[in-house]
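Shared between the two complexes below is chain A, which pairs with chain B and chain C, respectively.
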Partner chain A sequence: MKDHLERRMTTTDLNRMTARNVQVYYGQNHALKDVDVDILDKTVTAFIGPSGCGKSTFLRCLNRMNDTIQGARVEGQILLEGEDIYDRRVDPVQLRAKVGMVFQKPNPFPKSVYDNVAYGPRIHGLARSKAELDQIVESSLRRAALWNEVKDRLAAPGTGLSGGQQQRLCIARAVATNPEVLLMDEPCSALDPIATAQVEELIDELRANFSVVIVTHSMQQAARVSQKTAFFHLGHLVEYGDTTQIFTKPRDPRTEAYITGRIG
Partner chain B sequence: MTAPTRSLLVADARTKARNRAEARFRAYGLAAILLSVTLLGILLASILSNGLSAFRQTEITIPVTLDAAAVDKGGKGDLSSLRATSATAYGKLIAKALKDELARQSIPTAGLSDKDIAALISEQAGADLRNRVLGDPRLVGQTVTVDALATGRIDGYFKGRVTLESAEKDSKIKPEQLHLADAMRDAGMMALRFNSGFLTNPDASEKRPEAAGLGVAIAGSLYMMIVVLGLSLPIGVAAAVYLEEFAPKNRFTDLIEVNIANLAAVPSIVFGILGLAAFINFAGLPRSAPLVGGLVLTLMTLPRIIIPARAALKAVPPSIRDAALGIGASKMQSVFHHVLPLAAPGILTGMIIGLAQALGETAPLLLIGMVAFVRDMPGLPPGGFLDPATALPVQVYNWTQRADPAFTERASGAIIVLLAFLLIMNAAAILLRRRFERRW
Partner chain C sequence: MSENHILRAFDRDLDAIQGLVMKMGGLVETAITDAAHALEAGDLDEAERVRKADRDIDVLEYRINEEAARVIALRAPTAGDLRVVLSVMKIASALERVGDYAKNMAKRTQALVELGHTPVVAQAGASLRRMTRAVTELLSDALDSYAARDVALAQDVRIRDQEIDQMYNALFREFLTHMLEDPRNITPCIHLHFIAKNIERMGDHATAIAEQVVYLTTGEVPDDPRPKAENVANLPKS
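== the complex of A and B ==
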């Protein structure tokens, strides 16, 4: 496992997103405390930790999906390319075009495969002509490694695909708006091992163009796909560092306990 | 020590009791369904047996010579002078033609005066012929074949409502007249035909049930449904979308929610009083107008549309909203592009049920004057929305109040038309539902 981890090197250290001193409250409940994380460019960052530790909450802070939850409140600073995404002048709609999201359960729209992918570019006005839109749809489906499977049935409903295909369709839909950061909330938890392997391979390829943040329950998955890992426990960011370091020489005893299976 | 094991092949007492309870429950359910199906069957059978005959009407076919001296009293041959001739004069012309025709076919009329013979023909026949001539003045001087309505009693005789025994005690008909009617039928002068007038004619007075039709009521109901659909669909759906998707969840919206549920339970006659006060007395809209009826029914229907529409919106999985928001759709785009289309089947079903209730509503319409006797068809939209009209259920109510048994048949016929409208609306709802559901 060690060799495998060491082969993966971070290609760049440019910061895409920076989170400093982030606090999240759900009503009176202080769900996330003092989180400092850097999301690097062209890097897969994994958030691991036991259920209820706040990793999904933090992920949803990064594209302000927490705004839709009643009573959720975020404090601290999260910067995207140096701009505070919680600034009053920021429209979350524009932010979400730059920070795409893939959810735990595949949730394609009950529309055709084509319309699923074309929806984002359409509402953001990214294509000026039908040909251009076709081009975006094709390239997005290719990036999501789905093109060869669906190119003959673009008009078929997206909900008719298999679970793994649906999730890759959701990834294609997310990359179609050409985001800078791609957030994935346990994207493989509803998939079988083969579909999981396909999606993991895809995540590795997506790293070439996007910075990817993935929340996962599976430490093996984090080790397989990520270069950076953040370990959350009970609302605290316990440890953040290179995946190799986290899995081989954890600094915090809680991290060690979790990755060796003693807590969690 | 272990308990003695029981064989699986023998059911124990608890299991038997449980199975008996289930069997009893199934029997209750089946009995309830059978009872309701039987009662529904009886209801439908009684309405159909009473009402289907309203769609057929006895007509007397005779040639009538439109003598210029008789029909053109002004003598100038133009429309204004033709108008001077009354329907009564045409009635006399038809009566004379009938007498001549009977003589020509040598049908015996013993024991009947000229007045008795003329009484076979409805008072409406003269008015119908006058309208025909006014519509085509070239008919003056020619001999035309007239299908004159027979009076209600003769019509009832052919439909089995009037018998020779009942005619003995009836001041309005003599058994001899019925014998004459039999002879005329045998001669091919009198027959039951399809009664298209039932669907197109306006209401008629107590004295001529044979001429009464549903035309004004159908037009009024149709106009009202257009108003109800046009107002309550957009307002109801918009209100449901706002309350469900956009409104903050606080005390105030809770209060609104409770009050919408309360409004759905308010007796419809209260909405009639509101409509009378607000639309007629305050806003000064005319009485008996389909627009006012439609507005009142809209008020009544709105809460009944909002509640199922909200339920349908609530049933759309939140993952769809997340998906839309996650790729940068605005709240409005996520609702109108994704949530609303998915909720459409449920919203439509609620809409149609609301409309069907509105179509069958009588009480509020009585208060705003749609119970009036209206002879003239309302005009074409948009002006027709302000013309006086009545409504199908009100017409049923009206006809059941009348003394002549011929109106009982017509009331049942009107119920059949009302039911047919409801069936068409429900079928439309099912079709639309299927169409939208395929998009899942």
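== the complex of A and C ==
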């Protein structure tokens, strides 16, 4: 029987995603240099660093969101379950069902709560019947800790929910396709402290089933929710390690300068 | 870390707490020196001053803990900053204990003076003074190593503590001999022995402070066994 102090650590060494020697260019600008990272199974990995350090750029590489940016070029290797996600045979739409994303501002579709969650399963053909789709919607909303609040108004527009509820609706939408990895780009920066705490609690619960990667400007949030932390600075991955180690004994002076709030 | 925080009030908070620790260290060093002098000179007034001055040391420890709690609550310190806050609390606690030992020395001085003049007290006085001087230097070096973040000096303090241990062992044997020679020596020797034991404990606290300096600077608590010479529990049966 493991106690709480052991359970909160990473529970696996299994890699979901592996990035090796990743370079990103925006035109002439070399935005990300030589990044190697492992995204572990059932683990929350936090990316921290000052604005423009490349953390969001790297997050967007993990489900090929940079494909849509004019002039962006990605080099190196990013593997999901051992397969190169930049292989020509990979369909980015299929990839994004396996690597879901939640954005900074809650962005529910202008549809009902139900249809927001059902959207992904529908386009990917994950449900064979209405009953099965109902089941997916309910379990996704439960996983997003939203079911009890919205079960009586599934037909109401998703945009009518509170900000925190909208963000959890977006998380339910992302988990509805049963992804392997969930990417979150500043998921709490538009939320109040209570809604933030609810989303953080949710992230901790999601870890049981998914790998979560979160980009955050709040170092305290990274410290609270993650087991692994990667610190980016000027396009480099400066340090990657256990969150406890990063926040108590960082190895690189640049990491120390950043997390202690000094000019780095 | 030489760079300043972007939020300069954070630097001022940390500097202020560390200033309190240095001030506390100064009061404790004075207390030891004065207590040793009072013992040697049989000066009751000075002993009384040492006892009263211990209150100031206790108040400083309380203030340091309050300030450390405030920094943790308001500034959420991490990495090197966190280690500063954790180490000041431990150092303050070690200094408070040393202050208590000095106060106890003053208390026993009063008891010894009431016993009247005995040759053993005069004889032990010089040895205790040497031991006190050595422990004051050890403590002062521990605090200097803290102020300068000097790991080499801190390691030196850890090693030198065995000198204090050896002095204590020698005194222990000396007191034992006096007591065997004449039962009238038992009461003063028991007091003198507690004083010697307390000075030996001061050395251990100086070592604990030095260990905090190593932790503060490197992030690791030293785990190599430091040499120890205190072994009166293993004295041959006489």
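Following the convention adopted for this analysis, the second predicted complex is superposed on the first by the 255 of 264 C-alpha atoms of A that agree within 3 Å, B and C clash if a C-alpha of one lies under 4 Å from a C-alpha of the other, contacts with A are read in each partner's own complex, and residues count from 1 in each chain.
Criterion: a residue touches a chain if its C-beta (ideal position, glycine included) is under 8 Å from a C-beta of that chain, and two chains touch if they have at least 3 such contacts.
Not measured: the values here are computed from a predicted model.
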Chain B versus chain C as contact partner of A:236, first or second or both or neither: neither
Chain B versus chain C as contact partner of A:100, first or second or both or neither: first
Which superposed partner A:260 touches (first chain B, second chain C, both, neither): second
Chain B versus chain C as contact partner of A:248, first or second or both or neither: second
Which of chain B and chain C A:217 touches, first, second, both or neither: neither
Touched partner set for A:110, first chain B, second chain C, both or neither: first
Partner, of chain C and chain B, that touches more residues belonging to chain A: B
Residues of chain A that touch chain B when the two form their complex: 63, 65, 68, 70, 93-97, 100-103, 105, 107-111, 119-120, 123-124, 157, 159, 170, 173-174, 176-177
Touch list for chain A against partner chain C, complex: 219-220, 223, 247-250, 253, 255-257, 259-264
Complex interface listing, chain C residues touching chain A: 1, 3-7, 10, 76-83, 219-220
Chain A contact footprint on chain B (complex, rising order): 249, 317, 319-330, 333, 337-338, 341-342, 439-440
